[in-house]
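The first chain written gets the first letter, and so on, giving A, B and C; residue counts start at 1 in each chain.
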Amino acid sequence: MSAAPKIAIRDLRLEYVDEERGQRHVAVDALSLDVAEKEFLAVVGPSGCGKSTLISAIAGFLKPRAGTLEMDGRPIGKPGADRGVVFQEYALLPWKRVIDNVALGLKFKGMAKAERHAIARRFLEITGLAAAAEKFPHELSGGMKQRAAVARTLANAPEIMLMDEPFAAVDAQTRLTLQEELVRIWETSRVTVLFVTHSVEEAVFLADRVVVLTPGPGRVKASVPIPIARSRRSWATLNADPEFGALRDRVLTLVRGGDA
Amino acid sequence: MSTVLAAPSLPLSRRLARPAKGALGLVLFLALWQASVPLVGLEAYFYPAPADVWRAFLDLVAKGILPVYLIDSIGRYASGVAIGTVLGIACGLAIGISRLADRTLSPTINFLFAIVEVAWIPIFVIWFGYGFKTILIALTYVVFFPMLYNTLVGVRTVPQVFVNAALSLGATRLQLLREVILPSVLPNIITGFRVGAGFAFRGLIFAEIVAAKSGIGYLIFEGAANHQTARTIVGMIVMGLLWLGIDNLYLKPIERMTIERWGSVTTAERRE
Amino acid sequence: MTRLARHLPGLLPFAAAIAFWLVLPQAIDYPTYMLPPLGQVLDRIGESVMDGSLALHVRDSLWRLALGFAIGNGIAIPLGVAIAMNRHVSDLLRPLLTFLQSIAGIAWVPLAIIWFGIGMGSVVFVIANTIFFASIHNTVTGVQSIPNTLHRAVRSHGGSGVQVLTELVLPGALVQIILGLRTSMAYGWRALVAGEMIAGTSGLGYMTIEAVQWYKTETILMGMIVIGLLWLALDRILFVPLENATIKRWGMIRA
């Protein structure tokens, strides 16, 4: 990690302030973390340790109380199209057809309708949703909604994609499929990804590197590189793979509070 | 608020039987009314029969009074509702979006809301005289509050995740308003419109009784004042039908359309 | 300190309105009946309080409202329960009730004058009529929204008809009925003011509309202020506690 990082986080402190009661809650404290350019970084940690909070801060929804938060050497400010977010609750606009949801960011950029629909269609094809383009979100299954949400973020060509437990709300079977698809999609688009999840298996399966956070207020406990070749990342191959198993167990021990 | 909840889907036999029974209920009511007239044995002006009402109706139509009054009423109603709706939505959005506008205007609006619209009529009469201007302003006032209130509730319950999603896709403030906030608030706006339209209708009748020389409300009032009670009842029935027409032909379909199109998704995500 | 700062902007419009009201007579020339000086309105309020005339109007209005409320709901709730529990009766009556409800209460005033003459009778009739239709609708909806499975559950545990009524229907419909009480009161209050304006011989509505004839604008303004304050008080004193005690405790507010 010698080249300048995409995202540089130093001694970050994030707080929620309850104005009414005058209380503050420290969600993240003294967190330092680098995300390399074109890296797929997974973040795992116990519930409530501040993973979502960290995503909110990078996205620009929440301001740091202390420390620095930089992208390409510049402090991160307001939310913007350079940092795409895939939300756990999909956040598709129910009054827009799937194609218009996927093309939304391009519309914000002022792109003409034909052009942005062409791009959106391409990403719907990549995510296997071409047939659902004219549907409304409420007509899609959970897995399809999540694909649409990924397509929407990717179509907007962000510099980094922030994903907060994107597959938490879909069934186990679909989840495995989506993970494999994400690996495949990421091969083609190669954007920097920060992926938050509860599932250690998911993290090890997807990422180049897994960062484990301590229980809240969160800080980095360990960083585990995952040197598994991209070409081998399918469940059929990795399920019984000893290297995958060893890495998974190591991260699992770290999450459970042990040292490894 | 004055809607009967949509009946859950019923077996076909009952779906057919229901309107038939309902019609029977109306016919029975008319028959009882007609039959009771000789039994009660009071003067026609005190207790007119359905037949008297029907004759009065034909007479009012033949003389061209009813059509003119109807057009007057509808014109006043439509203008007042239109202006009140636009103002209510605009203020609701402003207060919902801007914290400063909220803190500055909310107490005033709560205070004004407590003064029921009918209580404004006297001062409007002093300021604007009898007639169109007073009625228009009164109706605008009546529609304004439910419109504003519902728009405000809508803006405040726009799911934050929609706003965040749009911002991370690069939306400007204006784009956020147009693509996220307005569509998200639309169901509330429609609810507000239905409530406001209902209030305005009552307001219209009252304003026409107090401050007009034409219109359905005036017909109801004038009939009674001249002991032409049958005319009053014609006015009341026309008014009831007019409201049912507005409600069923305009308000309910608009509401249904948005709900069907977007599915229950909006309401489900809003619950959060 | 911060709390004050937060409420300060909200006072601005009131302050501006009062300043405007104070300055206007000096700034431009207009007939005072259009907007009498603030002092004159305050004097009027003082006089009316001292000579007891305001209290009389308030008393008459509240008494009518209470009567109309009791009569309207006293008929609407039992009848609504009866209608809702019998499908044939409810099918038979629903369109008629819907139609009668859509004739706004105020439209009954002229007819009421013919039947009961100007005064108490007409006004109470109109209030009761308005409250009746607002409340019966809520009662019927409340009873009919009780899931059928609950009916079967009570029956299968050996509940009699009366027990179905007391153990299931009334508690089950209570929330909706309470909402109905509040809504009906809001409509009844409007009907009261409107009814008194057209058919009253006393009361706040009468006091206000009567003042128009004599261009006693300070009385009109006083009427508006009292009507607003009285409604705020009624709502807070009667319904907010009632709702807190029942609806919120049971977590039954249906959004």
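Convention: a residue touches a chain if its C-beta (ideal position, glycine included) is under 8 Å from a C-beta of that chain, and two chains touch if they have at least 3 such contacts.
Computed from a prediction, not measured in an experiment: that's the story for all the values here.
Participant: Relative to the centroid of every protein C-alpha atom displayed, which chain's own C-alpha centroid is closest?
Facilitator: Answer by centroid distance: B.
Participant: Among the chains, which one keeps its Cα centre farthest from the Cα centre of chain A?
Facilitator: So the chain farthest away from chain A turns out to be C.
Participant: Distance between chain B and chain C based on Cα centroids, please, to the nearest Å.
Facilitator: So the centre of chain B lies 17 Å away from the centre of chain C.
Participant: Starting from the mean Cα coordinates of chain A and chain B, work out the distance between those two points in Å.
Facilitator: Taking the average C-alpha coordinate of chain A and of chain B, the gap between them is 48 Å.
Participant: Take the average of all CA coordinates in chain A, do the same for chain C, and state the distance between these two points in whole angstrom.
Facilitator: That gives a centre separation of 54 Å.
Participant: So which bits of chain A are touching at least two other chains?
Facilitator: Not one residue of chain A touches more than one other chain, so the list is empty.
Participant: Looking at the complex, which residues from chain A come into contact with chain B?
Facilitator: 59-61, 78-81, 83-85, 87, 89, 91, 93-95, 104-105, 107-109, 136-139, 152-153, 156
Participant: Provide the residue numbers of chain B that touch chain C in the complex, in ascending order.
Facilitator: 1-2, 4-5, 17-19, 21-26, 28-29, 45-46, 100, 103-108, 111-112, 114-123, 125-127, 201-202, 205-206, 209-210, 217, 220-221, 223-225, 227, 229, 232-233, 235-237, 239-240, 243-244, 247, 271
Participant: So in the complex, which bits of chain B are touching chain A?
Facilitator: 159, 161-162, 164-172, 175, 179-180, 183-184, 186, 261-266, 269
Participant: Any idea which chain C residues touch chain B in the complex?
Facilitator: 6-7, 9-14, 33-34, 88, 91-96, 98-111, 113-115, 134, 137, 140-141, 144-145, 183, 189-190, 193-194, 197-198, 205, 208-209, 211-212, 215, 217, 220-221, 223-225, 227-229, 231-232, 255
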